[in-house]
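Each of the two complexes below includes chain A, the first together with chain B, the second together with chain C.
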Partner chain A sequence: MMVNSFSQFESPVFLTIPLILLALILPWAFYPSRLHDDSSNRTLTLQNWFIGRFAKQLLASSTPKVHLWATLLVSLMLYIISLNLLGMLPYTFTPTTQLSMNMGLAVPLWLATVLVGFRNQPTLSLAHLLPEGTPTLLVPLLIIIETISLLIRPFALGVRLTANLTAGHLLIQLIATASLAFMWIMPAIATLTSILLLLLTLLEIAVAMIQAYVFVLLLSLYLQENS
Partner chain B sequence: MLSRVVFVSGMRSRGPYMLGTGLILYMLSKEIYVINHETIAALTIGAIAVYGIKKFGPDVAAFADKLNEEKVAQFQEVKDHAMSSLVQAIENEKKEQWRVDGRSMLFDAKRNNVAMMLETNYRERLHMVTNEVKRRLDYQIALQNLHRRMELEHMVNWVEKSVISSISPQQEKESIAKCITDLKALAKTTQAKATA
Partner chain C sequence: MAGHDHGSQHQFTGFAKYFNSYTIIGRRNYVLATYGSILALVLFFKLKPKKMPVTEK
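Up next, the complex of A and B:
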């Protein structure tokens, strides 16, 4: 039952079984492992091509130490992009709209990049807190600002993903409700609203893919900075 | 059996479409499925999906096929390369075997060469020896000829000397006077022939 507009984002529970687990495991079914190298399945070929291209593009300009994170980053990207795109279908639940899940992804990974940096090259990691060529008077202020910017990164990562997807889903729901409401009263307005919904859905599909990419890209950048 | 009746009756299989329509109308009329905002969203997504697949489907399929072709071509190339290198190895082996067969011919040819060289050398030496012997014999002949000629000349000189010495002065005068009278007579006859 529609209590308020945000009720679509409640974690679904069916007979006290949290269905979010099912939603989280579902993308696993879409990426079968490469059984044989000579399999000529079109879907698998395209998937492998996409994964190869993405991995190469993400890790092209990085040291071999960063390449240790390749599996994690590529699988994270695939996971988030499939969760987002599956959420575009009707009557589905998108786990990435839950702030808890996104923070659960962002905070440990960001913390790992920072700790890796501090462990391997502490001086260089601390040196990132002060950009080159700042006037001497501004140094204390700038260090404080850079520290705050460093500490706010996980929140930015998590909240960015959550906010984008939540806003998108919310807009789709509102405009679809408006279109439905107008359909019996003023069909012309309903048509316009439907066209708006079409454009918005296109945007949302793009946003779903871009947000996943941005998440992983920023993580790889933080890693390269600290590696 | 019922499914066969439902689905296969008639020339075109209208069964599934009838079932689908009936189900949808049933669920709508009984409000088992309620039309809400998600329906509109589903229609929108469905339209986008259908449009995307219709427009980009063949290109994407061709691209995937091309990737598969490249993969198969790579394997094929490896296989072809291996096979061609093996065929090349077989040819090389056959050539080596032919070479080994021809080895005895090579030895024969070399043996012939060596024999010819020895023969040539022998003939050269023989020739040289013959020439030297001939030269020495020619020298002896020339020596003998020289001896004979010198003897001849000496004998002729001795004969001349003795003849000249045997001629007395009286005989010499007589012979000279006779020669003069002969010459005069000859001159007269010649003159007479000239004027006649």
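Up next, the complex of A and C:
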């Protein structure tokens, strides 16, 4: 029973077993691995084409050092896009609506990019905290602002993903409820609301894919800054 | 390209040679100086002896 609009975001538990674990493992089942005899089929070919295309596009303008992160970034993108798209199915739980999960992805990865930068090129990493050509009087202020902007990045990454998905699911639920409520009272309004619901669902599918891409793209940009 | 040090440091003399917002080294030194000043301020206020209130007998 829906107690309030946010009930759909509660982490599901069944007989004290947190079902979010199942939701997190589920995308693994959708990506076939190599066949035992190294042959290929259409699904594998399509999958490999997509992964290769995405990796090339993401890392085209980056140094070879960044290419070492290709596996991590591509698998992260596939994982988040799978979780988001599976969440668009009715009555499924979307783990990426949980801030804890998104912060769990964002903070360690962002911290890794910062530490990689400070370890490999400490001078350049520190120099990045002051934009080139800053007037002398503004230097301390800008350094503080750039430091705050650096520290806020993981929160922005996590909250962006959470907020986009949560807002989308909430809107879908509200408009679907409205459409159902109007169905017997004002069928014409219900029809218009259903059309709006369809358009919104299409938008949310796009948002699900775009937000996964943006998450990974920003991480790769942060990495390029520090490499 | 932003941040190149090639031949630009000879333009700066004195203080500007080490602290400027054009070269990588200059920008790094500015950042370190700012962080050092903030740290010094924090340590100063933390370690400052607190005045004990005078109790009347």
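Side notes on the structure shown:
Here is the rule we go by: the second predicted complex is superposed on the first by the 222 of 227 C-alpha atoms of A that agree within 3 Å, B and C clash if a C-alpha of one lies under 4 Å from a C-alpha of the other, contacts with A are read in each partner's own complex, and residues count from 1 in each chain.
We adopt the following convention: contacts are C-beta pairs under 8 Å (C-beta built on N, C-alpha and C of every residue); 3 or more make two chains touch, one makes a residue touch a chain.
Here the structure is a predicted model, which means the values were calculated and not measured.
Legend: residue contacts after superposition of the two complexes on their common chain; A:Leu89 is shown touching chain B, with no touch to chain C.
In the superposition on chain A, A:Leu124 makes contact with chain C only, not with chain B.
In the superposition on chain A, A:Ile145 contacts neither chain B nor chain C. Contact with chain C, but none with chain B, is seen for A:Glu132 once the two complexes are overlaid on the shared chain. Of the two partner chains placed by the overlay, only chain B lies in contact with A:Ser194; chain C stays clear of it.
When the two complexes are overlaid on their common chain A, residue A:Ser179 makes contact with chain B while staying clear of chain C. Once the two structures are superposed, chain B and chain C can be ranked by residues of chain A touched, with B on top. For chain A in complex with chain B, the touching residues are 37-38, 40, 42-43, 45-46, 49, 88-91, 172-173, 176-177, 179-180, 194, 197-198, 201-202, 205.
Those residues of chain A whose C-beta lies close enough to touch chain C in the complex are 123-124, 126-127, 129-136, 139-140, 143-144.
Residue ranges of chain C in contact with chain A, taken from their complex: 2-3, 21-22, 24-25, 27-28, 30-32, 34-35, 37. In the complex of the two chains, the chain B residues touching chain A come out as 35-42, 44-45, 47-48, 60-61, 63-65, 67-68, 71-72, 75.
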